[in-house]
Amino acid sequence: MNITLAQAETVIAAAKKKAAEINTKMDICVVDAGANLVAFARMDGAWLGSIDIAMKKARTAAWFTMGTQDLSPLVQPGQSLYNIEHSNGGLITFPGGVVLKQGDEIIGALGVSGSTVEDDQTVAEAGAGAI
Amino acid sequence: MNITLAQAETVIAAAKKKAAEINTKMDICVVDAGANLVAFARMDGAWLGSIDIAMKKARTAAWFTMGTQDLSPLVQPGQSLYNIEHSNGGLITFPGGVVLKQGDEIIGALGVSGSTVEDDQTVAEAGAGAI
Amino acid sequence: MNITLAQAETVIAAAKKKAAEINTKMDICVVDAGANLVAFARMDGAWLGSIDIAMKKARTAAWFTMGTQDLSPLVQPGQSLYNIEHSNGGLITFPGGVVLKQGDEIIGALGVSGSTVEDDQTVAEAGAGAI
Amino acid sequence: MNITLAQAETVIAAAKKKAAEINTKMDICVVDAGANLVAFARMDGAWLGSIDIAMKKARTAAWFTMGTQDLSPLVQPGQSLYNIEHSNGGLITFPGGVVLKQGDEIIGALGVSGSTVEDDQTVAEAGAGAI
């Protein structure tokens, strides 16, 4: 089962609302369970460099069926997945990428980028909570 | 001057409406005047292969400030721009990419892919007409 | 022997002058004999898509020590170099790329893009003639 | 609002002057606010490997609307943006990339590479100060 466009639009609307509440400008990307793009929105004034980061966060979460923040400790020097970012045309392994679930099933993933990683994660969780 | 996210969402909504009217499923991409992504939507069941085509149509139109269908005759074998598609990481030079204007100024571009090129162009024009 | 930056700037100035004379806006790229970038200028309002095309024209001319227009007939369907554009990360094989010579020696190449291929070639020849 | 070619040439001239004063050879790149190339110059004898670094420094500064040296502490192992360099086809996050402003508005960015990062930054600041 995959996320629908209507669900992705709901996720993006919730993420935009939270981003505005905490006074940030975000790039927001939704992919399906196959890591293929479903929907994207760049808020006015959001960083251009965060377009690709939001996409890579979403894809990283979909590819490994876990939030990007769960990968962060594992990719540090000396840790087991050190430099995994070189795979798949580039991963992003800091917070802001989360899986999207319907019940217990992963139906896609959401990536948010445009502020501190704490803000990115806050907005991503707000988006994911909308399903 | 660049397109706003609100304008891009209006364009995508109009494109989705037309796509549904003519019974097609489309990938729809809006970029700004600098060819940077603003918004994207993949209608449920639309071809995965059209995600990238919609993006490349939008970027091609923004990069050359003209609709992709104006390029089609020029890129044929023996014509002046033959194999221009090898530039810029890949162009798409068949119909479905159009510029987005506010008055006389180009503020972005729209790319549509998912059906015949005639249908793609019809939906792109409906989207562009919404600004 | 390689082109100097001062020579490259002379070439670009001559190309800009000719482009203005024929009322065009060009992207202009100079590479050395090793196909490495020396200097570049995008005239105000020139196509963004022509940045990469000007670069690829210059590199193509440097890589094969001949003008891109000499390649055009050879890359057509059925001809000997058909689809050579797939090499080297992308070639451009229509007019607008020329070699730069000091006496009989090739010291670099110039790529021009932004108008018709005839205009591009005219501006490229004007640039090359400045050395 | 975007930087003009005339402004970019002024920036490059100032950067070249400073580079010569401190006895270095630099690759110097100017992009517009959309991170698209405007002008480039490689001083005679400057490292070939710095062509791409100067470009990536300029783009990184434009994409994130901040100097690359502001990113350096954030991308270290254990820090919040660790390995962000894997995005956008490759970032450079050490000093030498700066934004270019007209009044309060960012109109482009400048990247300088070819010596120590301290020298690169010195030359970049001299270039940026010319607008």
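Order as written gives the chain letters A, B, C and D; numbering starts at 1 within each chain.
Just so we're on the same page, contacts are C-beta pairs under 8 Å (C-beta built on N, C-alpha and C of every residue); 3 or more make two chains touch, one makes a residue touch a chain.
None of these values were measured; they are calculated from a predicted model.
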Mean-CA-position distance for chain B and chain A (Å): 25
Chain B and chain C: spacing of chain centres that average the CA atoms, whole Å: 29
Centre distance in Å when chain A and chain C are each reduced to the mean of their C-alpha atoms: 42
Junction residues of chain A - those touching two or more other chains: 48
Chain contact topology (line, ring, star, complete or other): other
Pairwise chain contacts under the document criterion: A-B, A-D, B-C, B-D, C-D
Complex contacts: residues of chain D adjacent to chain C: 4-5, 8-9, 34, 36-44, 48, 51
Parts of chain C lying in touch with chain B, wherever the complex brings them together: 47-50, 52-53, 56, 72, 75-77, 83, 85-86, 90-95, 116-118
In the complex with chain A, residue positions of chain D that touch it: 34-35, 60, 62-65, 77-78, 80-84, 86-89, 91
Interface residues, chain D side, partner chain B - complex: 32-36
